[in-house]
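Two complexes follow with subunit A in common, the first pairing it with subunit B and the second with subunit C.
This part shows the complex of A and B:
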């Protein structure tokens, strides 16, 4: 029994950090699910909204010595305001335009952080950011529990949205804008609103990531974050709240935690060939899923189940 | 030009159209100096293909933007310039339109689609995630009464056939309780018995105060349902009158019906 325990949890720091990343991808995936899977907004700039929150949090904590909660509030607001502006810009664009514009937003955020060295530290980095509490050896674990709680809340909210008139409005907006307008629905306001709300969530997740890495660098905001989130969501099922969770387990969980931790690969292979191979496999997986199961492992929304459930109440 | 076209609206909402034009490239598809719709309970809009009927309706709803002109709603309490409002605001003011080409929401069931129509803005806020039961309890009976009128193959599932989607389109619009309902070929593709049911349902709503403007290629529906008929050709309303006057008019016979029809 002790041997199994040691095998599974023999490297707790690595396991905890891997699980942090997993939770980040799941959380961002749930928010992207509300944007893309429900409202049809293809946000290819997840890293930008998350990064805006991450750096807003870091600047508040390091430069202005602001406490944790106000800094987290600023991080949330940074993501939200960026989402509000982006939502307003993309509301009337077609799908290709939305992808390009959101990617541009992420690029602008990256370049701004990289170039505004006086505020962000640029490539030298910004730190140190500490956890807002200290419970000794278990601080990491406590923070992980908090992250689990936050992601659990996001999942709960997404599932409730599916069962609410708001969710129905989002689906209608995502599937047939002119028809939604003809039924009195303010389509533009709805899209701007959902972008602001979910981007605020991404900003908050960015803020919560700050204490995990302690030091912030622009390289943490590359498109790799966005690709990981999109891969997880598309693989798991973009229309289902649990899609990001299933997809993240099969991507980050399998490749960044399980294989690295439990498969005895040579160090050289693990450090050089593995990351590249992983990206190739992710890309191939995306193509395979889009070709043969476009709605991912969990498939389409089950609206009829919801309607029948309501009629039995 | 007109016969039997009284100006009194009898308390009904009316739409006044002035100087409305729309061109696509070199081709002018709508060019109307003055037109009032909704003064009579049921008004038919007929004309040959390409006369501009559907475009006129789209211009009223602003799903297509006009080049010039104004569209004004007078609902008895005041005038509102529809041609300056967003489409969803026009629908909120009680001017609603069904679709000529079948439209549906891909991810929504029949019930979903109808609950969407009745949900108010305050029900659809992001923080109102427990509002579903309230909407269902407030409007469930009304929705069920419509679903009882027609036979849907899977009422708790998705609309499958074009006919079901057409019916759903009409019901969605009626659930909005419009003052003026613009119907663009509402019975196209429906069997005769269902068409009769739809017309009966519309008559009931008209008796309750709703006005109808209907574009329909099934002329039996137009002659039997309309109080007044507007005849459109080349983008303009060139003739108005009661159905008997219009169907016997030489211009209509020549441009639209053909001599064998009368």
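This part shows the complex of A and C:
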């Protein structure tokens, strides 16, 4: 029994860090579900909104010595304002324009962090950021519990949205925008609103990630984060709130926790071939799932299943 | 005057491959209505193919350039047949096609590291001679690259606008059903277009690669700018793409002469976002009429 316990939890620091990453991807995936799966906004700049929050939090804590809660508020606001501006830009654009605009916003965030060295530390980095409390050896575990709580809250909110009149408005906007417009639904305001709200959430998640890594670098904001989030959501099911959770378990959970911790790979393989193989599999998953099972593992949203059932009767 | 001359010369010599890449992407966009994110990897692989032929076989840069264009064109056709045609047949939506192309881009970018290695790879070319025009220095190689890009861009333009094949491509792009009824072979025409697009991307990649090195992120780093040039200039056809590409190069170099390079890139992206925003509104106003 003790041997099994040691095997599973023998490297608690690695396990906790892997779970942090998993929770971060799940949280971002739930928010992307509201944008892409429900409202039909293809946000390809997730890393930018998350990074804006991460750096806003870091700058407040390190450069201006602000406390945890105000810093987290600024991180949320940074994501929200960026989302508001992006929402305003993309509200009239087609899918190609949305791709270009969201990618451009993420690139601007990256370039701004890289160029404004006096405030962000540039490539040298920004730190150190500590946990807002100290409970000894269990501090990282307590932070993980908080992260679980935040992600749980996001999941609860996403499920509520599906059942609310607001959710119906989002679904109408995402499913058939011209029809929603002709029915006098405030499509533009809806898109701007959902972008602002969900990007604020991404900013907040970025802020919560600060104490985990302690030190911030622009290289943490690569497109790999966006790819991980999109892969998890697409694999799990982009139309379902739980889709990101299922997808993240099968991708990040498998690669960043299960294989890294429990498969004895040689160090050289772990450093080079493993991350490269992981990205190849993520890319292949995106292609195969969207070609052969476009709604992912969990399939259609419940509302559509219900409507289909009624139409059969 | 001095400032304008500098901006124009630097902009055109440094960003000439951008015009070529944007023309390639625009060909696919106009015909298939697909924004192919994996086009970034066609650019990257163009650089790798040229470097491989140049170093492994001791070929001159210009020979390796031609071979890399052909190989990148073939790769482009293969991706169409295996991925995009399947997506087309299965009726995959536009956002999903973009995500599929993102997946393909990630797959190719990392798979090529298993083939060519993780490190950047350098070309073996003779040292260039340095020249000056209006007080602006540039290498003989940059000048040759610029002239070649202008000639190739012109050839692409003439092919699409003036030849029978080009007319078939445009006919298929504007009305696929009518084109089929007129006896145009859609698969062959589409493949020709994807080949040309891939070749243009590969050549652009080779030009960029020889200026620095062939590395996995080469195409991705230039993808956004290429995409923005296509979206902004594409509304006015290939001529618009060429003008937008050249304008982007000149504007970027002008900005870099005045402010720090990274800030210049930020300003350029903001300008593009505003143009996209204005373009979207204008189309909606037109639609109302």
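Observations on the model:
As a convention for this text, the second predicted complex is superposed on the first by the 303 of 313 C-alpha atoms of A that agree within 3 Å, B and C clash if a C-alpha of one lies under 4 Å from a C-alpha of the other, contacts with A are read in each partner's own complex, and residues count from 1 in each chain.
Note that in this section contacts are C-beta pairs under 8 Å (C-beta built on N, C-alpha and C of every residue); 3 or more make two chains touch, one makes a residue touch a chain.
This structure is a prediction, so every number in the text was calculated from the model and none was measured.
Of the two partner chains, neither subunit B nor subunit C is touched by A:269. Shared-chain residue A:135: touches no atom of subunit B or subunit C.
In the superposed pair of complexes, A:176 makes contact with subunit B only, with no contact to subunit C. Residue contacts after overlaying the shared chain place A:168 against subunit B, while subunit C stays out of touching range. Once the two complexes are laid over each other on the shared chain, residue contacts for A:258 go to neither subunit B nor subunit C.
Considering their complex, residues 36, 40, 42, 44, 88-89, 92-97, 99-101, 103-105, 107-108, 111-112, 114-115, 223, 227, 230-231, 234, 272-273, 276-277, 279-280, 282-287, 290-291, 294 of subunit A touch subunit C. In the complex of the two chains, the subunit A residues touching subunit B come out as 157, 160-161, 163-166, 168-169, 171-172, 174-176, 178-188, 193-194, 197, 239, 300-301, 303-304, 307-308, 310-311, 313. The part of subunit B that touches subunit A in the complex is made up of residues 61, 63, 86-88, 91-92, 96-97, 99, 103-109, 111-112, 115-117, 119, 121, 123-126, 128-133, 135-136, 156-158, 172, 176. Those residues of subunit C lying in contact with subunit A across their complex are 29, 35, 37, 83, 86-87, 90, 92-96, 98-100, 102-111, 113-114, 118, 220, 224, 227-228, 231, 260, 262-263, 265-266, 269-270, 272-273, 276-277, 279-281, 283-284.
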